[in-house]
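Here it is: the structure, laid out below.
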Amino acid sequence: MLDAIQFSSFADFIDMGGYGFNVWSVYGLFAIFVAVNLILPLRKKQRILRQLKRRMTLDEEINSEDSQSS
Amino acid sequence: MWLWFSKLGSPKWFYELSGKWLPWLVAAMVVFMTVGLVWGLLFLPPDYQQGFTSRILIVHVAVAGTSLAFFPLLLVSGTITLVWRMKLADMVAKNAAILGAWFSFITLATGSLWGSVMWGTWWEWTDSRLVSMLFQLFLLLGVISLRSALEDSETAAKACALLSIVGCINVVIIKYSVEWWNTLHQVSSPVSMDTQSPNGPEFWIATLVMIVAVYLFLSVSLILSTRNEILERERRSQWVQDLVSKS
Amino acid sequence: MSEKQTTTSAAFLATLKRDLLIAFKKKNDIVNPFMFFIIVVSLFPIGISPESDRLTEIAAGVIWISVLLASMLSMDNLYRADFEDGSLEQLLLSPHPLFFLVLAKNISHWLVSGLPVVLVSPLLAYMLALPDEAYLTLVLSLLLGTPIMSLVGSIAVALTVGLGSRGLILAVITLPMSVPVLIFGTLAVQSTLNSQSPLGYLSLMLVMLSVSVSLAPLASAAALKISVN
Amino acid sequence: MSSVASNNSLDANSEGIMLSARQLFCERDDRVLFKNLDFDLAEGQVLQVQGSNGSGKTTLLRILCGLNDSYAGSIRWYGQEIEEQAAAFFASLLYIGHRVGVSKVLTPIENLRFSCSLKQAVSDDQIMGALKKVGLRCFEESPCYTLSAGQQQRVSLARLLISPAKLWVLDEPFTTLDTKGVAQLESILQDQAKAGGSVMVTTHHQLTIPQLSLLSLG
């Protein structure tokens, strides 16, 4: 079923039978859509972990400060 | 079954379970995505009517099919939040709405790109699928803006759950009323989509592969954002503190 | 202890920056009017008819009226939050002339609610089958019209900021004042449709804009003093 | 109706007088709040306005700040009517009302950056120092809607530490503060008076400040 690749040269692969713009903008949009919705959550996870770590060190600092002062 | 159901509710259990499942899902997604894209772009014969634009349809049909699943997902998570008050369901619902808006937007974008070739115009009011998808996008954006309007997360959870349930019913009503409105205004629409779907088994198998890839992508992205939500909302609980100190 | 007093322009920029910061933190105030505009415009083809030739006739009017309604909607939160948390009083008590601070608030409000609507209007004009040559005039007329609406509306908002029930009193006061803007805006687009030059109408709108930029903040400042009383 | 019981007699020379009010009369929904009210506020003096609820304390303060102009009588700032030199008067005035002027969406730093920059250029570490002093050390970055009412009050009090204003007009600044906060605010008021500024304050709290004088209404 997987017969030969449909395009003789790379040029008309880009041209896509005259509809290059439409096909490639669809696939470009799809790529951006997939990338954004995978990378953003990963980056956000790092940001959350950093914030939580900072808050933990801050709390420890305050507790140690209170324990000294009290 | 009841124990399993209440165990699923605890974010900690979900976090660990999804941690185990995530690598497999990502692997499956990558496999299906590459197979679908490579096959669709390189090997698919041009359709006798549409030529190569049938390649657009693969992605469009896959994303459109998946985005129809969003409101049922919101309906289920909404009822769980309202009836059993499970925080996890609200976390899933919050990220599902955002992802759903993305899906609807991409469906509209790819649909109008396909339409600009086949119908000559980027937007066609007589195509009931596009119009009802447009209003689904508006409903999802409504749920998101309601979520961000209510600061206190407890009321926000209940309110958005209720709105998504109502929204889900409305999407169905909108879909049929738009289709009915369409037949009344059966103006000489250049060509409606269903007479145009290319035939040939390869097209449908490639589309099927893409649909599975997109569903896998949906679950991966939703799991990732829900895990973030769990970390944020359970930041005071002990297991998150150990997680943070370990990381 | 007292360093040099800030210049008026520094206070102007500080107010502008603060309002933009608040707008971006409270995204709702940006998104809601924008979504309202898009939804209202996309209701018209369903309400009237999907045929493109009928849509073309009503396109300019539909877009303009939806822009006016959207700017009404977003007008309300111009002074509301500041009045409720007391920063409006600090604004009134600043040594700098209130005219500039009110102008800064109006500009930041227009940047946040008026500009996005203007930028998206060609997309919606396409959905309403507006011919291509009229897009530029539409955007230009909206670019001139929305600030006028924002400035004129801010007077009414300043007057009603003290009232408990916000409701629609704001729209009822301001919409009648929007008739000239609506007339010139739609006429400009119509004139390009039947291939006349819209410059006449656009220059009239420019005059209206310059008048409202110079006078409206004065009236708003006075109105604020009255309602904070 | 309103008796002026300014218990310590002020020397009559005018250059020490910062704010003087003559024949003040104010009526609100046909009830006379106060009439022919005279008082002077000298530099380095803390004037506590006392009176039962609804006796017009807040209205008096808002009249003095120029926020409310429905009154008769004259108010002079260093001998000149405040209407004539509003800019100079506002430059050296700091008013904190019931609504503390802290936007809930912004963080304390952003709030202070804005409210101070209306009057004079202020650097970030000045703001951080002030926030530290009023006990908001690790809350600088969190939006104000996450803070308690007392903490929001402290954000506006941090403005006192930064602002160069000579005249502070504070309306019930003690209400939401805890005991530590009250002591802190009293010492801030004392420093202001020592530094030659002056304060008008309404509170039901008994102030223990040497430069205190009383003005009772109604």
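Going in written order, the chains are labelled A, B, C and D, and every chain counts its residues from 1.
Rule of thumb we're sticking to: a residue touches a chain if its C-beta (ideal position, glycine included) is under 8 Å from a C-beta of that chain, and two chains touch if they have at least 3 such contacts.
All of these numbers come straight from a predicted model, not from anything done at the bench.
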TODO: Could you name the chain whose Cα mean is nearest to the mean of all protein Cα atoms here?
DONE: C
TODO: Sort out for me whether B-C or C-D is joined by the greater number of C-beta contact pairs.
DONE: C-D
Open item on the list: Could you work out how far the Cα centre of chain B sits from that of chain D, in whole Å?
Closed with: 56
Task: chain B and chain C: spacing of chain centres that average the CA atoms, whole Å - done: 35
Open item on the list: With centres defined as the mean C-alpha position, give me the chain A-chain D separation in Å.
Closed with: 52
Task: Where chain D touches two or more other chains at once, by residue number - done: none
- [ ] Could you pull out which chain C residues touch chain D in their complex?
- [x] 1-6, 10-11, 14-15, 17-18, 21-22, 25-26, 81-82, 84-87, 89-96, 101, 225, 228-229
Task: Residues of chain A defined as touching chain B within the complex - done: 1-7, 13, 16-19, 22-23, 25-27, 29-30, 33-34, 36-38, 41-42, 44-45, 48-49, 52-53, 55-56
Task: Residues of chain B touching chain A in the complex - done: 33, 37, 39, 41-46, 51-53, 55-56, 59-60, 63, 99, 102, 106, 109-110, 113-114, 116-117, 201-202, 217, 220-221, 224-225, 227-228, 231-232, 235, 240-241, 244-245, 247
Open item on the list: Under the definition above, what is the set of chain D residues touching chain C in their complex?
Closed with: 65-70, 86-88, 90-91, 93, 95, 97-106, 110, 113-115, 117-122, 143, 164, 195
- [ ] Provide the residue numbers of chain C that touch chain B in the complex, in ascending order.
- [x] 27-28, 31-32, 35, 38-39, 42, 45-46, 49-51, 126-127
